[in-house]
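In the two complexes below, subunit A is the common chain; its partner is subunit B in one and subunit C in the other.
This part shows the complex of A and B:
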């Protein structure tokens, strides 16, 4: 029983981080239609920056903030390159994001090498129902809750957020209303970078940091994002939690190497399910 | 409409094709055996890239798991031949195996509008790599699958004039033959009725559907064909190396195929050949450059990531049609 609780809590924590990555996918895809393959890279970049900032003697908090800001900027740059040029077709934008993901690799290996690194999150443990758990789990959940609340306020209560929604629901009408859709798309990429960066600084202290672990994060995030058909942030949150918990349970009760398979099988399963629903709707 | 299509798919003159064919036939004996291996791999990359280029150029879909179909073909051929099936039959089974699996994935995923195939194929490749590594009893796991019998016979065995046909040089021509077969097949396919439908599909999905093109079915066909090509190339690869391991089919290989296809020009048969040639040469140059003394240990990785990423970004931004169509346009403009 206590083992089950342990898996549930660690699953919810990692699930929250996956949900942040997933929301980055959703935010970008809603506004621009682009599936951003560099999404996992934002998290890894933020992790590396935090590592270096801590090494340089900056305190916790400042280091993480710096990393998230840099990830946001990186998101903006990816946006400018992939959709900034007028008339770039969707397939081209998608290939550009793959290419930029590899340029991330080149930069990261050049600066931080190809060996796994580790940086510290919140030290210490807490007890709950007789279990000893890492404090970092609490931080991840709190960070995700605050982020989702902020996103909710942003999309529903701010002018810029409403512009995002306008572009997502009808880009043509938004353009007629005087909105620069391309610029909003680039802003969406920046928000995607911010969310990816947040996921990175929150989750990566629990894992080792390697340049190509972005594939794992991106695949999990994408699997969570397609819970809502790449359109609904709320469904992405649910998807992230489901995947996080399912992975923790699989890793706990069977073999750890099957853990990765969870999101992969879910991706294929959800796509098949959505396709069959679509076939019925047709 | 027809003029647009014809000019877009204008064929390079037959003189040029004959020249390329002749040069590529004369080249292998001039290479040392290491470079011959590179040549064999080049011909196999051409086969895979032609299929991927069709998928991306005609169906507008992208597969990040083409190396998985390559791996499936390789393991299909390798396992069947190892367990006693005649080698040619095992080789013929390779594309079939990959095509069947592609159909199973494609039927649901291609029904969805948008770029779901990209992540579905990426997930598929990760699943395939996991299975190949875990199913130790069948595939040999991470240690690999050895003991695949050679494709070609040994002539005059036991005599002084014994001649083993399984040399890199002979495989250069096996690969050449397979690539030529695939190129001819694809050119005919592109010009056939389904091919014309697919070209219409690439221009406008709604327009094509309104004109009676079975959009979903045709997309599925191209995806299946591209997987079959990858499987065929994988089959030859299995016999050429006589050893397979999951590590030979990384995600990076799938990306490499995408780079080759986009560089050459999407939907262009000869573009795929050109793209594969340029990237293979570029990789050779990079390897030579990265092995210079005084460079850090990670230099090869940094250079290849930067090259792949840079080529993808720059080609998509500044040469969206790809090398071959751009070159052709320059030439015809210069002439006119």
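This part shows the complex of A and C:
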């Protein structure tokens, strides 16, 4: 019983981080139609920057903030390069994001090397129902809750947020209203960078940091995102939690190496299910 | 003619090798109501899109001494957003985002303000589309297919709103319309666009009594159609 609780809590925490990555995918895809393959890279970049900032003697909080800001800027740059030129075909934009993902690798290996690094999150532990758990889990959940609340307020309550929704809903009408849809798309990439960066600074203290660990985050985040057909942030949140918990259970009760299969099986399963539903609708 | 609000000269638009508009010239004066009629595929929407600046012409000049806003064909609302949000997004390019002035002109929209735009009837959606365009306080309202898919009674009331908009706020209107009877009844002046070229232009009376227009658009009526007739019998 206590093992189950342990798996649940760690699963929820990592699931929250997956959900942040997933919401980045969704935010970008809704406005631009592009699946951003560099999405996991924002998290890793933020992890590396936090590592270096802490090394340089900056305090916690400031280091993470700096990292998230840089990830946001990186998101904007990926946006400018992949969709900034008017008339770039969707598929070309997608391929560009793959290429930029590899560029992330090159830059990270050049600066931080290819050996795993580690940086500290919130030190210490807490007890719950007789279990001893890392405090970082609490921070991940709290960070994700605050982020989702802020995102919800932004998209549903602010004029700028509604402009994002309008571009996602009908880009042609948005253009007729004088909105620069490309610029909003680039802003969506920046939001994607922000969310990826948040996932990175929250989750990565629990894992070792290597340049290519973005794949794991991106695959899990993508699996969570397609829960809502890459369109609904709420579904992406649920998807993240489901995947996080499922992976923790699989790792706990069978073998840790099976963990990575969970999201892949889910991706295939969801795609087949969605395709069959579409076939029925036709 | 009064001061020109919109002056299009020698406009040519190409989609790849296809010529959508060839050497089109057209004028709209301040506060004027002008109809643009023609068969499907004539290039009417292309002309509006060029005037709205969403497509680039290959040649020619478009001079606008004011703001133009387009009401696109098929309404193109932000379907999952509320009526009021649709209106407010229409005001993106101006400072004033309070829809009060639009509610005054289209009071029905005030009642519908909280409804999700995609759930409204066709006529209500068209009203939202017009209201959204008005939020940017245009000098010229370019309407692409006002009556398409709407019941005659609904079209009548929308036409009434356009009349009062034109009268009270002196907003010029360029109306693209399949229902030629309606177009000529509403607008004192009209252009006929066929295969990318203006083939006829003149006053509504002249066009309504022209044999070519009668044969092609007014069902070849043997007698001149009275311009003031309702036109409700035209199919939607």
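One rule holds in what follows: the second predicted complex is superposed on the first by the 282 of 282 C-alpha atoms of A that agree within 3 Å, B and C clash if a C-alpha of one lies under 4 Å from a C-alpha of the other, contacts with A are read in each partner's own complex, and residues count from 1 in each chain.
Note that a residue touches a chain if its C-beta (ideal position, glycine included) is under 8 Å from a C-beta of that chain, and two chains touch if they have at least 3 such contacts.
Remember, predicted model here, so these are calculated numbers, not experimental data.
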* To do: Report for A:172: first if it touches subunit B alone, second if subunit C alone, otherwise both or neither.
  => second
* When the two structures are overlaid on chain A, which partner does A:118 contact: first (subunit B), second (subunit C), both, or neither? -> neither
* For A:219, decide between first (touching subunit B), second (touching subunit C), both and neither. => first
* Tell me which partner A:231 touches in the superposition: subunit B (first), subunit C (second), both or neither. => neither
* With the two complexes superposed on chain A, say which partner A:208 touches: subunit B (first), subunit C (second), both, or neither. => neither
* Asked: What is the contact status of A:158 with respect to subunit B (first) and subunit C (second): first, second, both, or neither?
  -> neither
* Between subunit B (first) and subunit C (second), which, if any, makes contact with A:35: first, second, both or neither? -> first
* Give the label of whichever partner, subunit B or subunit C, reaches more residues of subunit A. => B
* Touching residues (chain side subunit A, partner subunit C) in the complex -> 159, 162-163, 165-166, 169-170, 172-179
* Which of the residues in subunit C come into contact with subunit A in the complex? -> 52, 54, 69-70, 72, 76-81, 85, 88-90, 92-93, 97, 132, 136
* Touching subunit A in the complex: which residues of subunit B? -> 56, 60, 62, 64, 105, 108-109, 111-112, 114-116, 118-120, 122-124, 126-127, 130, 134, 251, 255, 258, 262, 298, 301-303, 305-306, 308-313, 316-317, 320
* **Contacting residues of subunit A [partner subunit B, same complex]** => 33, 35, 37, 81, 85, 88-96, 98-106, 109-110, 113-114, 215, 219, 222-223, 226, 230, 257, 260-261, 263-265, 267-268, 271-272, 274-276, 278-279
